[in-house]
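One chain, chain A, links the two complexes that follow: it is found with chain B in the first and with chain C in the second.
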Partner chain A sequence: MKTALLSSGRRASAVRSLILLAVLLVFLAAFGPAIGRYQMSLVTTLLAYVAAATAWNIIGGIGGQFSLASSAFIGVGSYVTIMMLRGTGLPLWSCLATAAVGGALFAALTGVVLFRLRGFYFTIGTLAVALAALTWMTTFAFTGATTGISAPLALIPSGAALYQMALVVAGVATAVGIVVFYSPFGLRLMAVRDDEDVADSLGISPFRSKMVAMTLSGAFIGLAGGVFALQKASIEPFSAFSLDWSITIVVMVVVGGIGTVWGPTIGAIVIYYGITVQLQSVPAVSSVISGILMILVIKFLPHGIVGGAHNAFASLTRRRNTPPKPPLTPRENELVHPQTSGLEA
Partner chain B sequence: MSVIISGLLSGGLYATIGLGLALVFGVMRLVNLAHGEFIVLGAYAASLFITWLGVDPFVSLIIVVPLMALVTYPLQRFLLTGLLRKGLESPLVATFGLSLVITAVLTALFGGDARSLNAPYASAGIDLLGTRVRVIDVVGLLIGVVLVVGTHLLMSRSRWGAALRAASADPITAGTMGINVNVVYALTFAASAAIAAVGGVLVGVAYSFSPTAGSNYMLIGFTVVVLGGTGSVLGVLWGGLALGVVQSVGSAVFGGQYRDFVIYAAFIIILALKPAIDTARDRGLFARKRYTPGASAATPQTTSTAVPTS
Partner chain C sequence: MCLTGCAAGGSSDGSTSGDVVKLGASLPLTGSLASFGPVFQDGYQAAVDEVNKAGGVTVDGKKEQVQLVVLDSTSDANTVADQTRTLVLQDGVAGLLGSVSPALTIPASNTADLEKVPLVSTLTPVGAWKAGNANGWQYAWDLFFDEAAQIQDLFPTADLTPTNKKVALFTDTEEDGIAQGALMEKEAPAAGYDVVYRAQFPVGTTDFSEYVNAAKAAGADVVIAQMIPPDSFALWKQMKALAFAPKVAFCEKCASQAAFQKQLGPLAEGTSTSLIASDPSSPEQQALTTRFSPKYGQTTDLNSVMAAYSAAKILLDAINTAGSTDGAKINDAISKTDSQYPIGTVKFDSTHAYAVPPATFQWQGDKQIQISPKSPTSGTLQAPVSGLQ
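Coming up: the complex of A and B.
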């Protein structure tokens, strides 16, 4: 069964997506230095968001586990990076790599405790983890409590170096997202998302699948946190562990298209570049717009911009108003967005 | 002893916060991530009427409670009920978006600073069982008890309660029996928001509030709901009192700066133990009367099949 579903079409889609990713990365690497310092720092932040959103999509979209703990992983990644940079004198890259380890470990810990629970219990549990991590950090003397810590300026990389780092982080995160989406593991994860009991009865371990997804996701969100921290050089708990991170990441993925390959990337561009940056002077307005956009998208475009575009494209090419439910042949399953099956009552 | 008493007293407020969540969750299995923001919204609305009309915070409830119900009714009727059919994620995302909008609007209108509702009796104290306590905390406990017991009686004794329980147990059959399930759902949501407004005024007088405090209250509310046994109205009261005591004892032992941390940690521990508790309950231990059959997480129902078309 597994091999039958993993048709050559699925592999071909993965390869196509990876080629597109490679082209995008080469383009960004080539033109990055030409866009000026301010734009470059914006794109660096955007790339970190792309990494975080894509990573969240692995557990939240493909795995269907609506986690709000991202802010804790961002915070752990931030603090680990800066602490390593300050304390050990290791090269920058290895400091950033420890952020991935920190994020993964914390995510795994969260998963072990909370994956006994399903659905909204998990969601509320992750919210508690995020808030607990924030309040803990405000009293934790080792990391400077509310004052926070900062890295020596001499060790902070230049804007261009950071841009390259963000490019690598976002590239690897997106590549992992693509591979997971089209892999047998991704299919197992979607099976768990669509019906945990049935997946369990078919011999898939829901706990193990979710744990792997959560750990992967935590690692890349931690890495993104490391990039954010290096950009700021000095961090404190209220910003590094702010719940805003969790919120922003979820908004990006939902608006772009939850559970899709490119949704998180497109969502990150639309929300960060299209709204946050344009409305920098009035952050409240950009929050309101993000919130309303999120409600409208979930009401009218449940699979976000990517899903909406896909459906529009499908109805144009098939000359039908509504695309039919996907028949369960591997080929068709390939063409229609995977989440459309099994959700409608 | 004084630690226990102050814990029990704050438990009334916690029960009020949890009640609205329990109602919405018990009746339509909706997790309202904006409930904390409803509480904060209620507090800000009350603060406006207090400044305009110069009335007592609790008198302002006469206006704030119907207002909150009126504003939130269409939210459930035209937005959330339709999304309930689409599974778990959609209503979660929608209420999450709602909480984002409310927080942002409140921050824009009132600024990010914490404020509180002034009442002459806010800091007055009385002696209770040999301990000096604040009057407002006693009022909070009374309000919590009255609201929980009142809701319980309304649900178990009145015709409206019967319709509500029918709509919760089997929406489709209830629909064929002439109960307008969509209206019942929307009324429940409005009632939950109205209770949140009461909680908001209580929070405002006893402590302080800020636009971003909502997630904290929501988490308190969920802790109460889970502690009391999901779907049980009377359980909310026990859950609230238990959480109050846990927090009071916790901050007495570890220090006041861990006051919030104790709640989060307690919640995570309770959640981690929840599957074991549910199993024990299904085997007949701590059995209690339920309004919603199958409300326990050990026997999850699929909402997608249970909600009628709107």
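Coming up: the complex of A and C.
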């Protein structure tokens, strides 16, 4: 009975989140064309970040596996998209779908190898994968080595078309994030995050859960990489596989609220739109402020902006719903404040 | 969410008056290529100042002042792509000015082609820049030397002193490091040289001792390095520490800035590098030398200022010729450029490039002396590399 109630509560929360997502998407789709080309370009980048951060949150936040391999998935998605566009002439959506497949396959491969490790060892392993992928790409002649590759500019979509694509990518990634968070699979993933051995003893396969999460995460981060690549038109290993991607995505999720549904979205808005764009003329300062913000959030809002807001709201609600205490009787007052009572006496 | 007018734009002079024509540049003012950014900014600003002093550019029949908007790319290619988009879409620049090296200039060139806003760049080797767009650039233009011409200038310079013709290459894994390293390996035998060792390392390498010892063991008399300035400082110090004293040493991209000598002091003595020759007879060159000599001394930073000035002047002249800020009209005017600038008599070829002849310079004291080609102001090659002895 208790389980059924819990499921129904989670289902209601999931539905509420999905409705909110739908409203946001409709709003952005309706007002996107009216905001001008520059703002549209910024929101396109922001939406790609939302997709990547939400996808990382599946493995890093809900699954508790602190991966730094995101830069490799972004890079794979970027290269697959541009190479498909150059080599096959397939429609853009097919190229992006292939980027998702590429990201998922690379993530699955990474998971198979690295899920033998736990904790910091896993994180260091993913960092090694990211660096190895970057180094490999600088020498891989098929993808242009350090020179990189460019998409035929005639095939690059217009700003408005790219905006719509980014909207769909961010929408689907967030919807999947919501479904995972509230689903039984999400609960299993959280159980693995909280105590892998206990989860294992309860019949949950930690390896299988983490593999599914990693693959999903890789698919959407790869998809986001495809959008980034289409925006830039040409890519080379140092920018497509830059570790900055991994760091930025982690900072966004931590600031917004790691392991929460809307944290990655809030974090992407704060870090990209609130800091990176506003301080575009002084990017070095932007990096410093992002770092300081992350330290402050970890110190004072360990569950990020969303977690902090949730706690504040819960605290307010509790205070409002708690009836006022009746005045103490003289005997109670004496027990609570013995010295004061004695003096008064 | 703030959706309008939120982004910040940096202006070099803070001018925001009504009728101004804006030019934009995303430059490496910080990061690994920070020694180039301020030099470029000086060259671009000098051209803008000169045009403004003469009344500005003519747009739709009336004179308008020009404003240079510069953003710091932190030497990052992703940031260049984002910032050039900002410059076009938010600041509404009429033209873009390029950054240094293919890694930073290609993303800006892409924005130029996608947004149909002309870009003129320099100090970006034309071969690697052309390779950035297999279909050919439409709105981007580059004026610098070709990598093959640069290499053809290196070996004759090494020939100026007797060596055992054994070469050690130190090339990083950036696109120009790999490309030019491969080209040097290919061209060396034809010039009578033997590449006996090649070290390849990622950007940011700080320990070169293994590579230096290997080059020393291979008995190389000639060192050719292609790397970013900060890494070269470590390599040169370690060559000295490990008593590897080649007779000739080239540091491409790394020794072409005054920062090389400032950082290494006496260790820089005798190191050579390629850049573009200046034309001392050009009145504009003389004016630039007078203006910037106190700041840069007799170094190739002056040549870089001159190159940047030329790029900006070509763009400004094209705006004047077009009489409009329309990208297509300015682009058409650039294609018809056939005038003398401090960098030379510029006439772009069908690939949008103007190949400048390379020149070799050597650090002698706190000056960079032109070694080749011979000119009234050139000097003689000092060998062996005394800073490393």
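Simple rule for what comes next: the second predicted complex is superposed on the first by the 313 of 345 C-alpha atoms of A that agree within 3 Å, B and C clash if a C-alpha of one lies under 4 Å from a C-alpha of the other, contacts with A are read in each partner's own complex, and residues count from 1 in each chain.
The criterion applied here is as follows: a contact is a pair of C-beta atoms (placed from the backbone, for glycine too) under 8 Å apart; a residue touches a chain by one contact, two chains touch by 3 or more.
Predicted model only: the values in this text are computed from it and were never measured.
Superposition model on chain A: chain B and chain C are shown in a clashing arrangement. In the superposed model, A:F300 lies in contact with neither chain B nor chain C. By the touch criterion defined above, A:I124 lies against chain B but remains apart from chain C after alignment on the C-alpha atoms of chain A. Of the two partner chains, both chain B and chain C are touched by A:A284. Looking at the shared chain after the overlay, A:V113 reaches chain B, while chain C stays out of its contact range.
When the shared chain is aligned, chain B and chain C each come close enough to touch A:T139. Shared contact residues on chain A (touching chain B in one structure, chain C in the other): 135, 138-139, 284.
Within the complex formed with chain C, the chain A residues making contact are 35-39, 41-43, 45, 135, 138-139, 145-148, 150, 152-154, 156, 231-234, 236, 238-239, 242, 244, 269, 273, 277-284. For chain C in complex with chain A, the residues that touch the partner chain are 1-4, 6-10, 30, 71-74, 76-79, 81-83, 85-86, 89-90, 102-103, 106-107, 110, 113-114, 128, 131-135, 138, 173-175, 177-179, 202-203. Listing the residues of chain B that touch chain A in their complex gives 31, 33, 79, 82-83, 85-90, 92-94, 96-101, 103-105, 107-108, 212, 215-216, 218-219, 222, 226, 257-258, 260-261, 264-265, 267-268, 271-272, 274-275, 297, 300, 304-305, 307. Taken in their complex, chain A has these residues touching chain B: 64, 66, 113-114, 116-121, 123-125, 127-129, 131-132, 135-136, 138-139, 243, 247, 250-251, 254, 258, 284-285, 287-288, 290-295, 298-299, 302, 343-345.
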